[in-house]
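Once you scroll down, you'll see the structures, which are given as structure tokens.
In the two assemblies presented below, chain A is common to both, partnered first by chain B and then by chain C.
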Partner chain A sequence: MEMFLYMDKDSILHKLDPRTKIFIMLISFAIALMFSSLSLLLILSFLVILYGALGKVLSNLKRIRVILIMIAIMSVILWALTYPGTTRLWGPVTKEGIIYGIAIGIKFDVMIIAGMIFLSSTKIEEISLGLVKLGIPYRPAFAFSTAVRLVPMIVSTSYIITQAQKSRGLDLDTGNILQRIKKYIPLLIPVLISVIRQANILAMALESKGFGYSDKRTSYLEIKFEVRDYAFLAVALLILIVAVYFKFKYRL
Partner chain B sequence: MTLSDKEIIVKDLTFRYKEQKDRNAIEGINLEVEKGEFIVIMGPSGAGKSTLAQCLNGLIPHFTKGHYSGEVVVRGIKVKETPVSKMAKEIGLVFQDFEAQLFSTNTKLEIAFGPENFGVPREEIEEIIRRVLKIVNLEGLEDRPPSTLSGGQKQRLAIGSVLACMPSILCMDEPTTDLDPIGKIGVFNIAKQLHEEKELTLIIIEHETEEALNADRIILMEKGKIIKDGKPREVLKEVDLMEKIGLMPLQIPKYFSQVSNLEKADLPLTYEEGVQKFKELGLQIDEGKYQEILRREDEREKSYGDVIIQAKDVEYVYSNGTKALDGINLEIREGEFIALLGHNGSGKTTLAKHFNCLLKPTRGSVIVYGKDTKNSNVYEIGNYVGYAFQNPDHQIFADTVYDEIAFGPRMRGCTEEEVKERVAEALKAVDMEGFEKEDPFALSKGERQRIAVASILAARPKVIILDEPTTGLDYKEQKRMMELVKRLNESGHTIIMITHTMWIVAEYAHKVAVMRDGKIEMYGKVRDVFKEEERLLELSLKPPSIVSLSNRLGKTFLSVEEMVSCTKR
Partner chain C sequence: MVVLVALSAGIYAAVLIPFKGLVLIPGITEIRPANTLPPVLGLLFGPAGAWGSAIGNLIGDFFGTLGIGSIFGFIGNFMQAYIPYRLWRNLGLLKADDLEPNLNSGRKIFAYTVVALLGSFACALTIGWGLDLLKMVPFAALASIIAVNNSIPSIVLGIPLLMILYPRVKKWNLLWTDIMEEDEISKPDAKARIAALITSLAILVGLFGGLMAAVAGGQSLFAAGFAGGKAGLASVGFIAGFSTIIFILASLL
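Presenting the complex of A and B:
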């Protein structure tokens, strides 16, 4: 089973400097947070998805579709019940509430998708190198990228552990909420212990390969800004400026 | 004499971990290593081998703290006063757990990590990567993510990533313990090749006795001390000593020490030497006794009960499209003890998971106790079939041994009285009565493995599947585990065991299925399968040396004891 988010494809997105991709991701976060209007958020999602399609990494979204759909549904339910709208449809539910719920759902989903596109098209080493070039010291940058790396390790370990405990009679599908939560203890403890143990070995392996030998570290990977980086950044900045302009001009 | 004459000098080294109360992890170690030597360190679990290795590169006392006394000098550098990252230039350390050591996106970057830390210019790193890939035989895989490599490839990559730091000494801590036979061969080949180049000093901690023959020197450790240090051909003839401290002695010298009065120095070591010695000494096999063994085996074959597990044309395709099983037909009768042999990726575990319904066939069917698993689930089949996973740490979670074993019965709604009875019964079966109140995490690996088996037994299954129950255990613990499995089988349990360890199959299993690429390549009584040594070798499986010796003599014996009992002096 492939556990890592990064997809090794040959695309213009993969060739971009990681710093460019970090900026584009942050810009999409900023725009998403600025607006709550459904139509503008739809435009933003269109742009983000187009960007992802350029990188040929959209198929990775399949892996988080459940999360995306859950967020959308939860948001719609929550806001439909609580939003102070005027056009009543049924009980406390209003048309405005539903639309607002959809918009907020998209707002969060689009941010997750933007993050996913970044992680799917950027090697972990590029992320830490990008962060270092942005002035962040190597150790925290490495720690961040290792944390990203830890996620798939945890997923694959929990998969094995779930099978092991099911073989012993663990039945996760019955019982009330409280009972079900209790049933996760036999999964949680072995996962935690395995991850701590593996992290400890990783730490030893890193030191044994000279991690922290000196502050001056070379990098085998090379990143630098090319014409395409300036082009992508220019487009992203333009979109941001337009968005800010609309925000203040029309108070959207 | 200057310090730098020797590669490694260890003087009166003693270390005790913080949490260790009763004794020191290593005690009064004195050791000198010459440049270019190839040393194998052997010893039972808890002998202090890994502790010693970590003292050499400074992980102890810098990373793991404790009570440290004595001195370690590596290439003239005092380890205690030097950070681990600086020592990494002199001595590289490879760990047993290859999964946890690799962290990069692809093979090239994994190898580049060390040189990057040392500030090696980019062009030189390129050159280092090229050279290392060649040494560890991973050329052509430079862009592959490590997660997609096989176990053996991963461990070779781990070795490569350490070699890239260009150390003068390479120390490997049980590099082959978690590997299948092909993976092991790959690692040993690298060791051999590195040794031939004479540039590198090589220290390997290893359980595989036979591979130790290639070393210049073997060091035996027990309870934190070095108890023997000498040439392989001397040390490996110490059959009784090795047996006493819980190491697997070589089978050939063991056999000859029991059937002849040969001096230690004259004992043969390999089966080739054995064949010659057998003839020289004029030994003979007692035909009558051999026939008696065969007759008893035929009787056992007839005593099995009904077919309880049946796989019909089973095909299994994983969601990513990999076909893991391809037309498997297998019948298992009540009371059998069958071993599934084969390399990682051959489909053993996938097949075994079909027997307790963790997986359902993509095509074909699996019938367990008359139930088609398609219409069933793990919970229901679990009443008949118990499955002990490979790593006990993937299932242990409770505060006490009692609660750990009680988990299964409790999940199945047993009354507390019934639970108590079952826990007692399971603990008795694994020979661990009196451990009820112990913390399972504080037990040894062998004990944890037995707790894991007990927790399966508590569900009172008729069939027990064991996935590599002896991996990571030393010889003494392995034997103890297998004696337990044998008892379970004799008390009526059907046993299905996945393993890589050939001597365990030879000495304990009744039947064996050898798998490759999702197919069963060989199947039958262990003796019949092990007789076909050439086919096994084609499948990269090497039978135990006593089997090879007896095959050369026209008979097939599965253990030293068996052959001794049939030898006419």
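Presenting the complex of A and C:
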């Protein structure tokens, strides 16, 4: 089962330093937050999609399409019903509400797509090393990368326990959604206990390998800024400056 | 300790991820039964559980809701576990000679309910204030939804979960009091008691004062809050923001 978004491709985006990709992602968040204008958010969406296309990772959009569509639909419904507009279309629904709902849906979706592009083109080890190079202490960065690796193991453990209980006659497939959630709750306990037990083994393995012996660590994986990183950062900063200029000059 | 951080984060993320599709506020939050875990992790593993909750929430965000709100989500989820850990021993709700989080008495179950509620409110206050400040979602809508969304599972499911997990974790010597050095374990003295009281007061004033200011400013609670007015009211920013800073500083004392 492939849980994570990373796609191993030969693209310029994959070759960028993880710090560059973190900065570009943050800049896209900042620009998305600055505007609620539909046309400007569509331009930003186009730029983000173009950036993703450079990394050949847009096929991952299929994997998060349900979330993106849910966000867009919920946003349009919520804002169409509640936004205080003047052009009434039907009941409480206003034209302004629908347009605002679409804009907010795009705003959230574009941030999520920017996050997806980052995760699809950056390995967990690169994210961890990038965080260390940005000044995050090694221990939290190590905890982060270990936790990410633990998630599939926990899911796999829960799957095994579920199958074991099903083979003993536990019926998890009937009933409404609440009844089915209720049936899953007792399964949480053996999963948690099994995982906590494994933590002891992991701790001993780390101790035996001298974890924490020295603050100065070397890394098998090396990252450094190249010309392409400076080029991508320069373009991203230029777009940010233009966005800030438009924001204040034209009060968009 | 680092293993417990990773373990807590992994468990929290693994329970969060399957519910990512059940959206409550688009791009911000969803139905989260996983919110049972932060107070339990905080009481069992201490600071490691709190860091684990923060990192676990961030990993959960990687599966569909990574955005600027993730920064406040990181702090809020840290606080949802850290506040119960800090207040459990220091708020004065328990007998000084029995501070174990084993929920073997009505008094301890009451104490758990209080600290879990305060943790949930701290999380709601932090995230609600942060996203209102960024003018993304009105404080009254978001803080009220998160407060309810966090409180119910953390109490209804958190109590039996802690009752079941405590004996095992204690047996394996994985409780934070077994792992941390003796001098790192804070004593429940007068200074700690005052800090705990200030923390609790700031959380309650920030959340409920902020909600009152938001409603007075035209916002509404829960889903209706989307119609109550736009986010970013100065009065909400002042009350909720000031209280957030105070409770974070007091909880670190």
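One rule holds for everything that comes next: the second predicted complex is superposed on the first by the 188 of 252 C-alpha atoms of A that agree within 3 Å, B and C clash if a C-alpha of one lies under 4 Å from a C-alpha of the other, contacts with A are read in each partner's own complex, and residues count from 1 in each chain.
Keep in mind that, in the parts below, a contact is a pair of C-beta atoms (placed from the backbone, for glycine too) under 8 Å apart; a residue touches a chain by one contact, two chains touch by 3 or more.
These numbers were taken from a predicted model, which means no experiment stands behind them.
Trainee: So, does A:161 touch the first partner chain B, the second partner chain C, both, or neither?
Mentor: first
Trainee: By the touch definition at the top of the document, which applies to A:64: first (chain B), second (chain C), both, or neither?
Mentor: Second partner only.
Trainee: Which holds for A:119: it touches chain B only (first), chain C only (second), both, or neither?
Mentor: second
Trainee: Which holds for A:181: it touches chain B only (first), chain C only (second), both, or neither?
Mentor: Only chain C is touched by A:181; chain B is not.
Trainee: After lining up the shared chain so the two structures overlap, which partner does A:75 touch, if you call chain B first and chain C second: first, second, both or neither?
Mentor: A:75: touches chain C, not chain B.
Trainee: In the superposed arrangement, does A:147 touch chain B (first), chain C (second), both or neither?
Mentor: In the superposition, A:147 contacts chain C only.
Trainee: Could you look at A:190 and tell me whether it touches chain B, chain C, both or neither (first, second, both, neither)?
Mentor: first
Trainee: Looking at A:10 after the superposition, I want to know if it touches chain B, chain C, both of them or none. Which is it: first, second, both, neither?
Mentor: neither
Trainee: Which positions of chain A sit in both the chain B and the chain C interface?
Mentor: 3, 146, 149, 185, 188-189, 193, 197, 199, 202-203, 206, 211-212
Trainee: Could you please specify the touching residues of chain B with respect to chain A in the complex?
Mentor: For this pair, the touching residues of chain B are 54, 57, 59, 62-63, 83-86, 88-89, 92-93, 95, 97, 99-101, 103-106, 108-109, 112-122, 125-126, 129, 143, 145, 147-148, 158, 161-162, 165, 318-320, 353, 356, 358, 378-379, 382, 386-387, 389, 391, 393-398, 407-408, 411-412, 441, 455-456, 459.
Trainee: Within their complex, state which residues of chain C touch chain A.
Mentor: Those in contact with chain A are residues 2-11, 13-15, 17, 20-21, 23, 25-28, 33, 51-52, 55-56, 58-59, 61-68, 134, 136, 157, 161, 164-165, 168-169, 172, 174, 223-224, 226-227.
Trainee: Over in the complex, which chain A residues touch chain B? Could you list them?
Mentor: 1-4, 6, 8, 123-125, 146, 149, 152, 157, 160-161, 163-171, 185-190, 193-194, 197-199, 201-214, 216-222
Trainee: What residues of chain A sit close enough to touch chain C in their complex?
Mentor: 3, 5, 29-30, 33, 64, 66-67, 70-72, 74-75, 78-79, 81-84, 104-105, 108-109, 111-112, 115-116, 118-119, 139-140, 142-144, 146-151, 153-155, 158, 181, 185, 188-189, 192-193, 195-197, 199-200, 202-203, 206, 211-212
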